[in-house]
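In what follows, chain A forms one complex with chain B and a second complex with chain C.
Showing the complex of A and B:
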C-alpha cells in the first residue's frame, strides 16, 4: 500500500488563500458534514462531491481541485448555501474555483464556436448566464 | 389603480411573451398596474458570487436607479420595482442587499454611473410579482375575479431555485413555500404536490451540457406525473424553456413518455379570469397546452367575454 504525503507549503497556502479571497468565505469553517453534497441535485454527475472539493481546498491541493468537473457541473442553484449548518456560502466557493480558472484562461466556453442554430434557438437568459459563468 | 415600476428583463420580450402579456392583463384587473421602466438594461441574469468583482454589479444597480427615476413619474406608486422573471428577481434583490450593507461598493458603482447621470441611494425595494399578489392583492381578491375556475387541471407547482434561494432573495420559506400552491387553489385548479418542487432544472447548462438538463427534467416531470399532475406551473422563463423543450425531445425518443404542458402562473390566472386566449402565446410552447385545455372545456367550446 502506498501513502500519499500531505504537503503544507507555500503553494498550498497561496491556493487556499486565493479561493478564500475570491469567495469571501472561511474555508476552515467546514467540518465535513456532507450536507451540501447530500442535497446537491447534481452530485451524481460530479466526479468529486462538493465536500470533497472543500476538503481539498483546505489541504491546498490545487491540481486535484481544478481537475475535477464539480465546479463546472454546479449550476449555482444555491441549495447547499442555504442549507449549510456552518453558514458557508458553498456555491460561492464553487464560483471561486471557476473564477480562479477563468482568471488564467478566460474561455471555458468558446462563444465563436457555438453553432448559429444553438445561438438562435436558446433563450437570452440561458446564453447570458452561461457566458457570465464560463468566460472571464 | 396602484402603479408599479416594472422591470421585464430580456426574456419576457423574446420567448416568454405569453408570460408578460398575461401578467399585464391580470394586473390591470387586480388594480395593480405594471408600468414598464423606459430604457431598462439587462440585469446580468446571474449574480456574481465573487467578493471582489464590482463590474458585474453595475448593471443591476443601474436598473435600480433607473427604476427609481421612473417611480417619480408614476401615480400612487410604492417605492418598489416589480419583476416577473425569477432570475432578475434574485439578481436585483441580492445586489440591492449588498450595496446597502457596503457603502464603499455603492460609491464605486455610483462613480461608474455618473456617465449616465444616475446615482443610486439604496432607497428602493425589489419585489417579485408573486409577492405583490400575495401581500398587496391577496388570494381572496384573486379568487373574486375568477370567472372560469380551472376545473380538472391538476397543477404541480415548480419553483425552481431562484425564487427560494438565497436568503436575501427568497419570496417564501425556502423549504416549505406555499405561494404558488395557494395561488393555484384560489384559481380553482387541483393542487398536486411534488417533492421535486425546487429541484434545479440545470439552468444555463442547456447551452453546452444538454445531457445534464435532460436528466434533471426527466426526474422533475416524472415526480409530478406519477402523482397525477397534468400540468406544471412555473415562474421562471428558463425553467419553462428547459422543461418544455426537453420534454419534446424525450417524447420523440421514447414513445412511452407522456409530456405535460408548462404554464406560467400568470397564464393560469389569465385563463381563469377569462382573458382572451391569444395573449397566452400558446403557439410558442413546445408542448402545446391547447389540446388539454380543450379537453377540459377551459377554452374553445363556450365563448367568454
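Showing the complex of A and C:
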C-alpha cells in the first residue's frame, strides 16, 4: 500500500482548477461510483482506473495524476461520458489531463526536428494534440 | 354441541405440503364434529360466507379453522362468530401454515402433523366454555413524557383533537436537542425559527398543561387508567412575576458551564436556558446557587424589581390520572471519549458534532464565527470524521445512527459558507442519504461547495503543534493518508437518553440490545409498545431525523387517540382466574407476575381473615406464568385451563 500526505495548498488548488477550466467539468460532481472505469474497454491497460484519476484531481495530487498512463490509453470513445450518472464528461477530463501535460512541457516535441522514422510511428493523437497546443 | 372444521389451503402455501383433503377427512369421525371442509382461501369473503352458511344451516356453535397463525386471522373469524351470535371464544385457530407446511418438506409427515394438531384442537374445543370480556372505563387525558420536538408534536396533536394533555419535561425549557441545532438538513432552515412557533403554541394551548423542570417518578395502573406521580422541581423564580428583565444575571457571582452551548460558554446560577425558552422565565440552578439553604448570597433577590425570587420554594408532587401515555424521551450523544484513538477530551481541537453545531450557530458561544476551542482562531482546514461510535459492534455501537452522514455534510457545507477559503474534508465509510432531498443535498455540498469526501475510516488523531494530525486511509486509491487539520469534528452517534432508560425501566417497557425502547412490531406497530396504552414518539425507539420524528410523534398521538376516544375498553377474556377456595395466600404468583397484575387481598372466611390472590383483570396479559407457578393449582388460565391443555396433550401423544 502506498502512502500520500494530503494537503490542500495553492498548488493542489491550482492544478484542480486548471483541469476544471480546460475540461469545463465540475470535478466535485464525481461521487466515485466507478461506472466510467467499469465500462471502459481499456481499463485493463491502464495503471490507474479512470475514477481514481478523478479522485486524485479532487485531492489535487498532480504528480500521481500525471504519472499514470490512464489518460494516454484513453481513446475518447466517450462511453464513460455517456454512461456517467452525474453527467460528467469524463473523456473531456482525460483530454484535459493530456492537454495539461502538453501545456506544461511546451518544448517536448518539435515536429520539425523529429526524424522521419519516428514521425511515421508517432500516434496521430500526439501530433493532433501538439498542433492544437500550438494554435493556443 | 356442533363443531364445524375448516381446512384452509392458503393457495399452495398449505396445500403444497399438506394433504388438506386427508386432514379434513381425519376430523369427520371425531366426536361433536358436524362438518369438515377444505377451502382454498378461508379468509376470503366466499370462504367466510361458507362458514356463515354452515352456522345457519347446520346450527354449528363452535368453529375450528386450520389455517395460518392466530395472530393473522383470529380476529377475522372471531368477528364472524360474534356476528352470528356465537361466543367468539369458541373459535379455535390451528396453525398448520407457520407451524407445519412452511417448516416441513415431507408431505406425508407434514400431513400427519397437521392431523395431530387438528385432533388436539378439536378435543380441546369440546371443553371450551364461553368467555365474556370485561370492560374498563377510560380517562380521556393524555400524558406526554419529554418535551423535545417529538413530545411537542404529540402534545399539540392530542390537544388539537380536544384531549387534555400534560407535557412533562425534565429540563427548565421544552425544545430538546432541536433547540440546540443551528440549521436543519436538507433545507438549511433555521432550527430555532421552525421550532419556536410550536413551542409557543404548547405554552399557549388551553388543552396543554406544561410541566417543565418536572419528572415522572411513578406510574401505576393500566390502559385507560394510569395513575402517575410527577415531581415538579422548584425553580426559585415565580414565572408569573418574572418580567425577563435580566437584572438578576449580571449580579450573580456563580459561573458554571452553559449546557445549552454544549458547555462551551459560561452562564450564571440564575439564568434563562435560551432566549426562546418556554416557559419563558428565569430559573435558579439549585446545585450551583449560593442562596439555597444555607443562604450565603441573595444578590439576585436584592435587585429583582417584581420580587419574583423565592429561595424557599419547594418541589411539589402532582398526582394525575391518564388514559394513555406517550414516551418521547429522546436520545443523547454517544460518549466519544470512549474512542481513545480519537483523543476527544485530551486534544483540545477535537470536538463533537453537537459542539460544532453550537460553534456555527449565530446564537452560540462565538456568535456564529467559526472559532476553534484551543486558541479561538478561525480554522482553515476542518476534518469531519463520520461514524464516531456508530457501526462499530466490536467496541461501540453496532447500529448506524442514521443522521450523522447528513449532519456532517451539513456542517461541512455550513463551514464552507462561513469560511470561504477553508477546506472541509469528510472521512466516511459509506454515505447514507436515504431521505427526501438528502442525496441532492449531499451532491450540492460536494459540487457547489467543494466539500471533499474521502472514503475510509480515520485510525487515529495525534496532536501536532497547534494542529491535529489525521491518520487515515483512502480505500479508493488503496493508500494510507495523513493530513493536518486545524479542527476535527467527530460525527457522534446517538444512544438512548438517560430519561429513555429510566422511563423504560419505570414502565417495564422492553428494550433492544442497544437500549432503545422496543416497538410492539417493528413494521406494523412502530409507535405501539407491548404495554397497551403506552406509545412511542421520536428517538426513544431508535435514531431518527426531524421529519421522521415529527411523523412518528403524530402517529403516536393518533394511536393514543384511539384509546382516549373510547368510553370504555374491552379487555382480553383469556386471563388468569383465582380459585379462592384452593388459594392459600402464599404470594408466589404475586412475585412471578411480570405485569404486577396480582396482589394479595384480605378475605373473610368463616369469621377468619385470610389472604387470597386477586387478579387485576385490566392489567393481566394472560401470559400464564402464575398458573404454572401456583403450587395448589389454584390459578386457572381462562381459555387454557388444565383440563383443556391435558386433552390437547393426550391427543398429540395418542399415537
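Here is the rule we go by: the second predicted complex is superposed on the first by the 101 of 136 C-alpha atoms of A that agree within 3 Å, B and C clash if a C-alpha of one lies under 4 Å from a C-alpha of the other, contacts with A are read in each partner's own complex, and residues count from 1 in each chain.
Just so we're on the same page, contacts are C-beta pairs under 8 Å (C-beta built on N, C-alpha and C of every residue); 3 or more make two chains touch, one makes a residue touch a chain.
None of these values were measured; they are calculated from a predicted model.
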Task: For A:22, decide between first (touching chain B), second (touching chain C), both and neither.
output: first
- prompt: Per the overlay, which chain contacts more chain A residues, chain B or chain C?
  reply: B
Message: According to the stated criteria, A:129 is in contact with first (chain B), second (chain C), both, or neither; which is it?
response: first
Query: Can A:58 be said to touch chain B (first), chain C (second), both, or neither?
result: second
- prompt: Touching A:31 in the superposition: chain B (first), chain C (second), both, neither?
  reply: second
Task: Please indicate which partner A:118 is in contact with in the superposed arrangement: first for chain B, second for chain C, both, or neither.
output: first
- prompt: What residues on chain A touch chain C, complex-wise?
  reply: 1-8, 26, 28-29, 31-32, 51-52, 55-56, 58-59, 86
- prompt: So in the complex, which bits of chain B are touching chain A?
  reply: 9-11, 14-16, 42, 44-46, 48-53, 56, 85, 87, 161, 164-167, 174, 198-200, 202-209, 212, 215-216, 237-238, 241
Field: Complex interface listing, chain C residues touching chain A
entry: 381, 423, 425, 431, 443, 446-447, 450-455, 474, 476-484
Message: List the residues on chain A that touch chain B in their complex, please.
response: 21-24, 41-42, 45, 73, 75-79, 81-82, 89, 91-92, 95-96, 99, 109, 114, 118, 122-130, 132-134
